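Shown next, in structure tokens, is the structure this report addresses.
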């Protein structure tokens, strides 16, 4: 079960740069960390800007990301698959964010 | 999630203690205050409620577990009955709880069972010193390690039932460092002098003594906690919460009495409770009592959950001390002239309320 | 449920968001909107609106389900955390800026009244707008120039025109929070208290919903205030303002003054049992802002509170800090209790008033003490502390003054009616 979650996340992270719409991220130059917890969890760091999106596993050498998103790995999968609305996830308290709040509110709009 | 309901067990416990407080303590407290002693049978009945054994694990002769929250609930009911009796009844806790929290396994096995029998334990603590600058972390009473023994010198006050005790838990400064430790001292040792009975503004029914230690020598293994010693902050946290609980009970008693009086007492053609000046005083008392109780409960809950509670307990005790004084003072005020005479309890409750402040300010154990 | 002080992790997560919003957005625009009264803090409004929409949608759905479904209790009723969650959010946002927090677009007190006594049809008709579209506001208009604490003295009238089946409102309301935002700057609404029959006092009062832009409703004035200057406080005049018959909340049937009327005045007064904890929470947020800033500033100067020191070792300033910390805790715990009772489905009138009294007192004493302790810095407009003291004062005044709430507490603890204790 845990390895299933893990492999799904890896796939999603691999797909992230392609799903990113740089034209929506004008003026943005930020690092976003995903701290996916629980079974099958892992840590990822991403860079997003007008030029595109880069994803690495781990902390990527970034000490203080612009934004850190912490949530259960299984919930992350649901969210990225469109089965859990990010706003809903927030209202249910399933997401913890730390960092630039304005970036956080815009984050979902950069993708798909 | 926040919740403020008592469990069924806690309800049974507080009901039992409340019955004891209202039927037994309230029946005798005024005479006890005037005569300077509590009736033995009332104390024995209180002891038979098993309140202390309920806080001690089975492994050491008890039948429960240590819960500061339960202790606070008990303290409130006892304080509601009579603070002097409460302190008398709780005085063995002053020895048992520190042993439970900080004792070595050997010490727990040796001493704790004595607190779980049918007879009232002859053990009490010697902590407070008669000094304006009393500081629990910088005591005047000293304990010096000489070969394999400790030698204790100093003077303690407010030692409850010292004359009847067989074991004294004496807090003393070990070495020069200001490090406070606790030592189990045989009370009947010839170098332990029970000098005189203390006389306080309140608590006349409580028998406390000034005790002098003149080079009392005890084996090194009588140091509580062995080489590691005690965690004084932890002990004080527990006792602060208990004292704060007493304060809540005392204040509740005073508030209820004043409220009922104000509803009966007629002046200018109406009960005085119809006047905002009086009604508002009572309302503020009620608010402060409830607020204090919440502070106490939060500190107690945190302690029982293993969360840091030192500062919360400290704040709760300070708040309770202020509140108890204000509320008991307010109660006397509501009763006017009648509040000043000893026919009514409120003057005693104010004197006791003031004592709670003093003892907490100096930090009673 | 046994005694417990655990904050559910979901609430901690949400409050974290609010805290970030407070720190990053609200604090950075605090001084601007304090100095530009009557400008709207869109930076905040636009960010918080999506979250409010969700909350409104969830509330509406739950409320309609409760109305629609038969009284079937699910076996394992999940314990609600709505009110405890709200007080945490409100406390965090008010820590940011109490005036800007009040500009939060939501159905607010108006929505609360509709939820309390509205029919399912009215709830849908009036509250759906808060779940979509552009930011909008709901407001409640109760106070009048001659009627503040004494709500039975209101004079705004509602007369039924039988030919058009409309209510015709006439009167003036003052001190209406978000009155202008709700009445003409958005597609919002205002719940207006008017009387069907002045001779009946409270028993003749009813709430009426007036939607934004209704002819005959004029926002004639915005108050210039001591604090919470970012908040819109409006005077509204109703001149033959006509609204549909169905805009009355609850039953228009007049009852004798001594009969109990759950759906009328009393029913809507229950909305204050929910909103008083919220006001108390806002007060605590302001107080905490001032306390933390003062504690940290003093600590940087070497003045800290040693842990568990005997009192004789404390300086006056240290004792002041301790006093503030204790008072803050006391006010917060009373507020938490009043919210938790609501979540448990229990009555909380006494506890809500207790919380409001204590919080109102505490926020005043703490903010004033902080200005004092910070010397010239405390008084200067270079810092926000002086603003927090100005923002604080209203909390002991609106939604039931400290005196009124003390009166409510007193009546409850004495078991007295209004005629026994005035």
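Order of writing sets the chain letters: A, B and C. Residues in each chain are counted from 1.
The criterion applied here is as follows: contacts are C-beta pairs under 8 Å (C-beta built on N, C-alpha and C of every residue); 3 or more make two chains touch, one makes a residue touch a chain.
All values derive from a computational prediction rather than experimental measurement.
Student: Any idea which chain sits dead centre by C-alpha averages?
Tutor: Closest chain centre to the overall C-alpha centroid: C.
Student: Determine, using the mean of C-alpha atoms as each chain's centre, which chain is farthest from subunit B.
Tutor: Checked the centroid distances; the maximum from subunit B is A.
Student: How many angstrom lie between the centres of subunit A and subunit B, each centre taken as the mean Cα position?
Tutor: 55
Student: Measuring from the mean C-alpha position of subunit A to the mean C-alpha position of subunit C, what distance in angstrom results?
Tutor: Their C-alpha centroids are separated by 36 Å.
Student: So, what's the distance in Å between the C-alpha centres of subunit C and subunit B?
Tutor: Here the centre of subunit C sits 41 Å away from the centre of subunit B.
Student: At least two other chains touched by the same residue of subunit C: list those residues.
Tutor: Counting only residues that touch two or more other chains, subunit C contributes 8.
Student: Give me the residue numbers in subunit B that touch at least two other chains, ranges are fine.
Tutor: Touching at least two other chains: none.
Student: Quick one: which bits of subunit A touch subunit C in the complex? Just the residue numbers, please.
Tutor: The touching residues are 87-88, 90-102, 104-105.
Student: Could you please specify the touching residues of subunit C with respect to subunit B in the complex?
Tutor: 1-8, 79, 81, 84, 307-308, 310-313, 322, 325-326, 329-331, 333-334, 336-337, 339-341, 343-344, 351, 354, 357-358, 406-407, 409-411, 413-414, 416, 420-422
Student: Please give the residue numbers of subunit B that touch subunit C in the complex, ascending.
Tutor: Listed in rising order, the residues are 1-7, 10, 69, 132-136, 233, 236, 259, 262-263, 273-274, 276, 279-280, 282-284, 286-288, 290-292, 294-295, 297-298, 301-302, 310-312, 314-315, 318-319, 361-363.
Student: In their shared complex, at which residues does subunit C touch subunit A?
Tutor: Against subunit A, subunit C makes touches at 8-14, 16-17, 20-21, 24-25, 47, 50-51, 54-55, 58.
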